[in-house]
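Order of writing sets the labels: A, B, C and D. Residues in every chain begin at 1.
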Amino acid sequence: MSSFGRVFRVTTFGESHCKAVGCVIDGCPPRLPLGDDDIQAQLSRRRPGQSSLTTSRDEPDGVTILSGTERGVTLGTPIALSVANEDQRPSDYAAMQAIPRPSHADYTYQAKYGVRASSGGGRASARETIGRVAAGAVAEKWLRLAYGIEIVAWVSSVGAVAMPSAVATLNTWTREQVDVNAVRCPDQATAERMAALIAECRDQSDSIGGVVSCVCRNVPVGLGEPVFDKLEAMLAQAMMSIPATKGFEIGSGFAGTEQRGSAHNDPFVLRPDGSSTLGTKTNKSGGVQGGISNGESIYFRVAFKPPATIGLPQTTAAFDGHETILEAKGRHDPCVVPRAVPIVEAMAALVLIEYVPLNQEKKEKR
Amino acid sequence: MSSFGRVFRVTTFGESHCKAVGCVIDGCPPRLPLGDDDIQAQLSRRRPGQSSLTTSRDEPDGVTILSGTERGVTLGTPIALSVANEDQRPSDYAAMQAIPRPSHADYTYQAKYGVRASSGGGRASARETIGRVAAGAVAEKWLRLAYGIEIVAWVSSVGAVAMPSAVATLNTWTREQVDVNAVRCPDQATAERMAALIAECRDQSDSIGGVVSCVCRNVPVGLGEPVFDKLEAMLAQAMMSIPATKGFEIGSGFAGTEQRGSAHNDPFVLRPDGSSTLGTKTNKSGGVQGGISNGESIYFRVAFKPPATIGLPQTTAAFDGHETILEAKGRHDPCVVPRAVPIVEAMAALVLIEYVPLNQEKKEKR
Amino acid sequence: MSSFGRVFRVTTFGESHCKAVGCVIDGCPPRLPLGDDDIQAQLSRRRPGQSSLTTSRDEPDGVTILSGTERGVTLGTPIALSVANEDQRPSDYAAMQAIPRPSHADYTYQAKYGVRASSGGGRASARETIGRVAAGAVAEKWLRLAYGIEIVAWVSSVGAVAMPSAVATLNTWTREQVDVNAVRCPDQATAERMAALIAECRDQSDSIGGVVSCVCRNVPVGLGEPVFDKLEAMLAQAMMSIPATKGFEIGSGFAGTEQRGSAHNDPFVLRPDGSSTLGTKTNKSGGVQGGISNGESIYFRVAFKPPATIGLPQTTAAFDGHETILEAKGRHDPCVVPRAVPIVEAMAALVLIEYVPLNQEKKEKR
Amino acid sequence: MSSFGRVFRVTTFGESHCKAVGCVIDGCPPRLPLGDDDIQAQLSRRRPGQSSLTTSRDEPDGVTILSGTERGVTLGTPIALSVANEDQRPSDYAAMQAIPRPSHADYTYQAKYGVRASSGGGRASARETIGRVAAGAVAEKWLRLAYGIEIVAWVSSVGAVAMPSAVATLNTWTREQVDVNAVRCPDQATAERMAALIAECRDQSDSIGGVVSCVCRNVPVGLGEPVFDKLEAMLAQAMMSIPATKGFEIGSGFAGTEQRGSAHNDPFVLRPDGSSTLGTKTNKSGGVQGGISNGESIYFRVAFKPPATIGLPQTTAAFDGHETILEAKGRHDPCVVPRAVPIVEAMAALVLIEYVPLNQEKKEKR
């Protein structure tokens, strides 16, 4: 299904070449100040054509609020958001109808549905993420106003080019620092090497993978659920639902499996802020214990594979089974992680808002 | 909440020291042959006290089917499964009431609920997973009978001791091969080094992490959903909902981020079995493309941190904020991965059965 | 929330005076032929301004399919449907801001949300039902093509003017017969008395209630769930979610409580159609037994109160508590049942499609 | 499915003759004082064998709390409740295996599942309602402690014997007043006529229907949802999910359809209690406007058909189609409404608790 969340429920719609893509948000609290600008900022960070490192499909991706607000505030009713599809070149894709692109969704969609959009990725297109980013921007605004929660993601590796561990673990990045370069890696020296690698892959009609890191700050203690809906489990679902993801880890992650408990445990300490609450000396847990937030920063990493659509010729089988050579046309990103940054942030916001009491309703005893 | 699944919905119940733990399965198809033995086998692989490498808490964990079957077949009605808690030593835990165990759920449960079970992990105890394993055994039997699906997990690393990559990627392990040693690593030489490491940690009153790998074979093409409920996303949620997990990766995973698309893509080939269907030459995708199964084996890896409960003294803060030294009593595993194997298998079964048409109902046109 | 259904999930959006109203359908099977016309027919039966018996607000209510179809068939992806709000006269409602209309939702919305749309009913406006009718038209088309299911509703009473019981229980009405008059009562003599009563109430600036009856024919045996999601329970929820409803009954309904079991039971008989299946001699059950369809026609009745918005002056309290006299302006229906007919049909379709195997997915064993 | 509720989610299990019936409550707030007695009181009002007017199946129906509480308070974790099936006489039912009982669920279960419990009603047995009543008792206690909400149901008609309207509309009944006679009609003169009618039907091996009325007092303003989950819609689903129900009406109900708006509207008045809040002069709305509670008492009525299982011989078809005469053995109620009273109360509580903020979690900002 195309819905996420039980409380702040987002349903996205739209294929790569239909009239519009967007979403409906059901459950947004009332009385939240909300205008197009609140949503557009993140959409513009996601949109194609931002730099020479991304796809040349150029879309303004301007959002329209169809319902759910009046006089600049939310009404507590469903918020429908719509973004027109403008730059359509279905003919680019016509040749690919007979040949499922390797590691793309053509084959599995056909198997599941018995039909698929004739052009581009259809519903598997990255354009589906527009609805996510739009909804995430609304969630994020509410979380920021209500709790001061900050969510910042950045590119921590492209191919084998990774941020040095000393800077990679910093917890103070802002979106402004992340956006100083087109790669969205806040360490400038690393960013330059990443950009060079992406440009190289682009020029070779190839693609490359990468990792996006994300931190959520000022998350209150006690958010989460103890069993199937653990906070880290829902973050994992949310992130692994983003196209092209292959892995998720929180806190110490896979590296933590090599440690001993005596080194890995996060001892409690009295917070120095006079709040009489406990914090932890280290944060191997990544801000979550037993599925519930402990008040420390939540940080996690998401693995993105190299984009499946490449310009290089590929030997593969057509739907009818005969071996052929596929040469993809169309426009595509040589590396998705720069544009994935706002998508990761959006999904993080959509997870967190599920666990926060929304105070949506004023209920008074008689 | 304590429910997983929308179609084959499992609700688990029970704390470490209440009368019983178990689950209710709502949505199991009718006419499935089912007896205690079908469930007990996996419960016995999960139970404590199996070897010197696991906790010494000794529970037979015998299951009782309270409802939902008659004359050895399921009725299509809810199946309630119950396992008595027998070996209760709450006094072991009394000293820990004032001090939240580092990296355990004591602190976050108290913050969320304002109350917690007085002994052991309460709901955060590994005993919660009994209900999962019992339900997973039912799902697995149905998947095996209906589709021939096989799910096999094993321990692929303990600490830094990992299976050699040549054997780690084999796709032919059986549960019998996995169970030849107490560690549940089917590569005997590696298993011995793992066992030695676990014994060392146990003897030092410390703990160690590890990785469980899992493969699902004979999964039909076309299972999954394209957006938020992608097959890999639900697997990620399911696995990250198991206690002590810190990471999940499918197919090429984090390592895949370093590859180029031209090397990472899985070319299609005509299956040699005469079925006129397509397979892939390689399987970097891990059996899933665009959220939907492609007919290849699904394989993934789950990271488990070192158990938080250790015998070594730990300097930490009590709930009231004063620094103290915690020396944990109680019984605990020095390494969870051997007992996590059937839990990973159970959760994989609970995910797969969500996507398979259950043919639960005979609906005839008039 | 604004979603209905778990399998064919409909989310409606839109207030009386925002840019658009509509819905997203998530879960519609692929390969269903679908165009605007399929949806427009029922929207036009619902739209205001059809006759002198309904509100004079005049809206064409033309629908646009934003996503989910290509070349005239559904893709299995979310179908977003949008209808522009054109005839907006918010100033009609300005005077009512300080005074909650008696038996309307003004007071409870304000209590729940702390804010409400400044004009008309906002989300409580009958325009919310546009999304339902649009989605219901899609569901209905699928049910008709797949099973030959027919859903027909009609007005069986207005005020105390009721169809004679001899004709009221007929099971053969078609929509064409229902639509022969503006009241949508297929018994012409009764319809004329109903129209006169509605006109009288309209001329007196008053309003009147009524009952809509509905029959679902050719429903296969075995649809439903045995406990909380009984077919009759979901029909009850669906119908009582329509604005202005006060009651629901199925089969013998309230009158059946006065009967004895020996008279009320429906004996089984062999169907005369050679199908070797059982039918029932009578149909007091209304086509449902134990929550599950038995193959007989499902019929039920829905009670609609007189519209709360009337032109007559009403003595009531303002929000601030002082007694005042409210004289409503704006345009409103003197009786909702003629326009409620397609809404009842739509909700019936949305319930039935939840229980039917959608065959949405082609899953092949390897 | 066998689950009700999204926030306070109840899953019932058990057939008429398996080991146990009961439920799991997922989402009950922590720190609620709860013991067996809180649950047993309502179970005893529901149990068979209470008087000569009910079935002679005699079950103590003693409840066991398997999980979710410690030291007499809830932990916020799932509460599993179990009641053993003791009085089993499956042989009573053996003769009925070949013949579906008219207006019972035998035929539809067989059609849906292809199998059914060999004895009694299986899952369609009234014993399924034990889990509902147990869960409802927990919900009710929470609602009473948190809001002072009172829920009282009573029998308002049996066959054509109805309470005089003057007393039927009273809003002050207590459970003690309801329980003064075996019929559970608080008007003693009417109760005697009802008892005589039930005894007559019992003696004639026949059965009779009836109506249960229910009032919910002290419900805060603002509970509910405006569209598909309207408070009255969920009440309708909940009530129509009780076995043997055929109708539901709230407030003025079907009778209200005959009124004009000017007479039916409930004018607002300042509450005389000094609270500066509004009430309504009349309560035709039944405490709900636009799907949301308005602070007035919620009252509704539920129609129960005559029990399908009667001792009189019935001419009907066997599963194989041949006409035969069925003479039911087994024990059954001549009229279900006296025992339905606590079931209606339980379902009302399960609906209301869905809309109330549960304050389940203590979430503190850092």
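As a convention for this text, contacts are C-beta pairs under 8 Å (C-beta built on N, C-alpha and C of every residue); 3 or more make two chains touch, one makes a residue touch a chain.
All of these numbers come straight from a predicted model, not from anything done at the bench.
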- Note on the structure: Ordered by label, the neighbours common to chain B and chain C are A, D
- If you tally C-beta contacts across A-D and across A-C, the winner is A-C
- Query: At what distance in angstrom does the C-alpha mean of chain D lie from that of chain C?
  - Reply: 27
- Between chain A and chain D, tell me the centre distance in angstrom, where each centre is the average of that chain's C-alpha atoms. 46
- Where chain A and chain C are represented by their mean Cα positions, the distance between them in whole Å: 39
- Would you mind listing the residues of chain B that make contact with two or more other chains? 1-3, 12, 77, 111-112, 123, 221-223, 226, 295, 361-364
- Complex contacts: residues of chain D adjacent to chain A: 6, 77, 147-148, 218, 220-223, 226, 271, 273, 275, 277, 295, 356-357, 361-366
- Considering the complex alone, what residue numbers of chain C touch chain A? 1-3, 9, 11-15, 18-22, 24, 26-27, 30-31, 64-71, 73, 75-80, 82, 111-118, 122-123, 360-364
- What residues of chain A sit close enough to touch chain B in their complex? 1-4, 12, 100, 102-105, 107-109, 111-112, 123-124, 128, 157, 159-160, 201, 206-211, 221-230, 232-241, 243, 245-254, 256-262, 264-270, 276, 278, 280, 284-286, 288-295, 303-310, 312, 314-317, 319, 321-323
